[in-house]
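Have a look at these structures, which come just after this line.
One chain, subunit A, appears in both complexes that follow, with subunit B as partner in the first and subunit C in the second.
Our next item is the complex of A and B:
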């Protein structure tokens, strides 16, 4: 009962914040909507008993990605510029595409009806976070994907620094 | 416990909102915000399926952790690209970035 209530509140907040994130003309407000939406997702993870992922969601998404987005909004804006209209003139087509996609997903869920088709969920046995940690460093487990993810992150960071730096030539061209 | 279909419907709505953001927004960073919403919808689906189908096993969670890493890499590279583009064009509006357009 409490779970249902928390789920409904979290889902409503999450979806409204997501709408703010895609509709607001002021991009800083949109980024704040994204932050609230990411927090709502973390609440859903807690309800799903994926506690490690809930914490990782707050640390990685809210703590790092959202801050990066706010920073780049502030970096890529002329000083004193008005926000103006942030929506493409072709937005009705975007709405149509998104609506059709969502309706198709909903029909798929309804046609499959997982609540009837699947057996009731079992309880999560034991300490799932400890088992996840062990599996991530176990050579017989998932150490290879884990290491590939770290190499990917390292490569992405080096690439990002290289691309964003631009060297001395870029420094000159911004001073026009 | 909340039925699985509720999670799937919330994730579908979130994905739809993200698609709208990606298609309708003008600013490159705003497009990235829409992309993040889509990533989150996928994550909700992955974790919900793990919880309802195989809660005793960890692969679903490992998958989610890898998605986290890929999302972080994608955002870092994307934002670096937008900053480089802004430096070149003086704007992060995707309509202004038209070097490859006739």
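Our next item is the complex of A and C:
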């Protein structure tokens, strides 16, 4: 009962904050909306008993990434100025498409009670976080996806550095 | 915790070597030991070494095995595709090496290698997590590469457009994957997903809808209708060798993953309408691609629409879902990859010399550079599917696969489309052979690496068309991974 109440409140806050993030014309307000919606996600993780993910969500997304976004907005733009609409004139069609999809999905899963169909989640013995950590470095577990993620980040970093700095040198002599 | 063993390391050897090569290029570039286009030679030699070492020690047996905790599959299918990606990357570098602003930058080689690494893992992926990560690793470097000329408006637009479409497609696909994970009772491995979905109490239609959402991600990757919009704009604005890489290796990687998902996770007949949806997509893709190509006056846009058309032909083999179908898909991708690289190689030369890739600039090419025109002839006739060239054999096999799988209507649509295709490929050749060159025309300047690459590709297109046995054998070997 309490869980349901917390879920409804957290989900409502999350949705409203997400709407603020995509609708507000002021980028700082939008970033704040993003922070709140990420926090709402962390609450959902707690409800799912994924405590490690909840903490990681707060530390990484709410803590580091959101601050980075706010700083980069404040350092590169005039704060408080209007930057034009976030939406373009086709937004009613996008809303319509999303609405139709939602209704379709709702109709499809109607009458399906996942609680009956799925076996109850087994209680995981031992320290969940330790097991999670072990799975990420176990050759028989998820070590390859874990390491591939770091290659992906390296590539993204190189790309970002190129876009930010490397391109400036290129401008002088660029022709195909 | 299970221990590391040699078999696991051997299975992942090509990827580990590419990663090592990335490290070497990164250090050599940052420390300034190797500069400019010499980095290109370093990367090409590195890729050749990776290819040679992999072919000599890391060959799997056809059926292969799941390795690294079942996250990857090291089998004939993944191996053939991985070698193809290495080859495509090497050829792309040959075309880019002498382009200022592209071939003289370390970032280009590093991003290309990262993307190739992602594609190789896409070919091997055996679970939903690996599928998504590999796809992102392959695609994110390509966003930057498409917008690599940061001083040029069209290139930046191409990169940005690709990023927006790509991010949306990955988001939608990830949503579908999470639904499949839920419906299958928490399975991530493809076989387990197939088992879970066959036992699930979830409504069939909901599962099918989730599947369609995942399919959207694949359709974006291979540029199939209705997720093809990005292709012409991105190809047009991106540096030409990158457009070549996008239309060949990136498309092949999408198909490598799609065949595994379609045949292992959702084997024929388990899901109502799944095969029909793919068939409809194939028909729409080839028809729209070929019809829109008719009106193009820009070679890069023409090749973009033609590559959409070819995605439709290849999808036919996936729809067939038979051993012959899979063989035809692998063989078609091999031929298409090398032929289209040759076509884009010609565009690179044309653009470098005349400043734009308009078809009209080909006028009188025969009188200016007869050998280059001969390579153009081989590439375009092969794309059109004219007999002595490899493209013809590839088309015949996918058509046969469709007929064998009782999809005669699809084969008829494909044959009609091929006729449309012949028209616009021949128009290009007509301009090159029949029209008069401008009065001040000089022979086109072609750099050494491009000459070698184009010569090798043109020879391949002819040889593989006449003696297709060995190459088709590779396709058959790859198909044995899923159809023993």
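Miscellaneous remarks
As a working rule, the second predicted complex is superposed on the first by the 132 of 176 C-alpha atoms of A that agree within 3 Å, B and C clash if a C-alpha of one lies under 4 Å from a C-alpha of the other, contacts with A are read in each partner's own complex, and residues count from 1 in each chain.
Here is the rule we go by: a residue touches a chain if its C-beta (ideal position, glycine included) is under 8 Å from a C-beta of that chain, and two chains touch if they have at least 3 such contacts.
Quick caveat: nothing in here was measured; it's all calculated off a predicted structure.
For subunit A, the partner that touches more of its residues is B, with subunit B and subunit C as the two candidates.
When the two complexes are overlaid on their common chain A, residue A:142 makes contact with subunit B and with subunit C alike. Applying the stated contact rule after C-alpha superposition, one finds that A:105 touches each of subunit B and subunit C. When the two complexes are superposed on chain A, the residues of subunit A that touch both subunit B and subunit C are 105, 109, 114, 118, 141-142, 145, 149, 152, 155-156, 159, 161, 163, 166, 170, 173-174.
Residues 1-10, 12-21, 23-30, 32-34, 36-37, 40, 43-44, 47-48, 50-53, 55-56, 58-59, 61-62, 64-66, 68-77, 79-84, 86-88, 90, 92, 95 of subunit B are the ones touching subunit A in the complex.
Taken together, the subunit A residues at the contact with subunit B in this complex read 3-4, 7, 11, 14-15, 18-19, 21-22, 27, 30-31, 34, 37-38, 41, 44-45, 47-50, 52-53, 56-57, 60-61, 64-65, 68-69, 71-73, 75-78, 85-88, 90-91, 93-95, 97-99, 101-102, 105-106, 109-110, 113-115, 118, 121-125, 128, 131-132, 135-136, 141-142, 145-146, 149-150, 152-153, 155-157, 159-161, 163-164, 166, 170, 173-174. Residue ranges of subunit C in contact with subunit A, taken from their complex: 1-4, 8, 12, 19, 22, 26, 68-69, 71-72, 99-101, 105, 107, 110-111, 114-115, 117-118, 121, 129-130, 133-134, 136-137, 140-141, 143-144, 147-152, 182, 185-186, 200-203, 205-206, 209, 239-240, 351-352, 355. Against subunit C, in their complex, subunit A makes its touches with residues 104-105, 108-109, 111-112, 114, 116-119, 134, 138-145, 148-149, 151-152, 154-156, 158-159, 161-163, 166-168, 170-171, 173-176.
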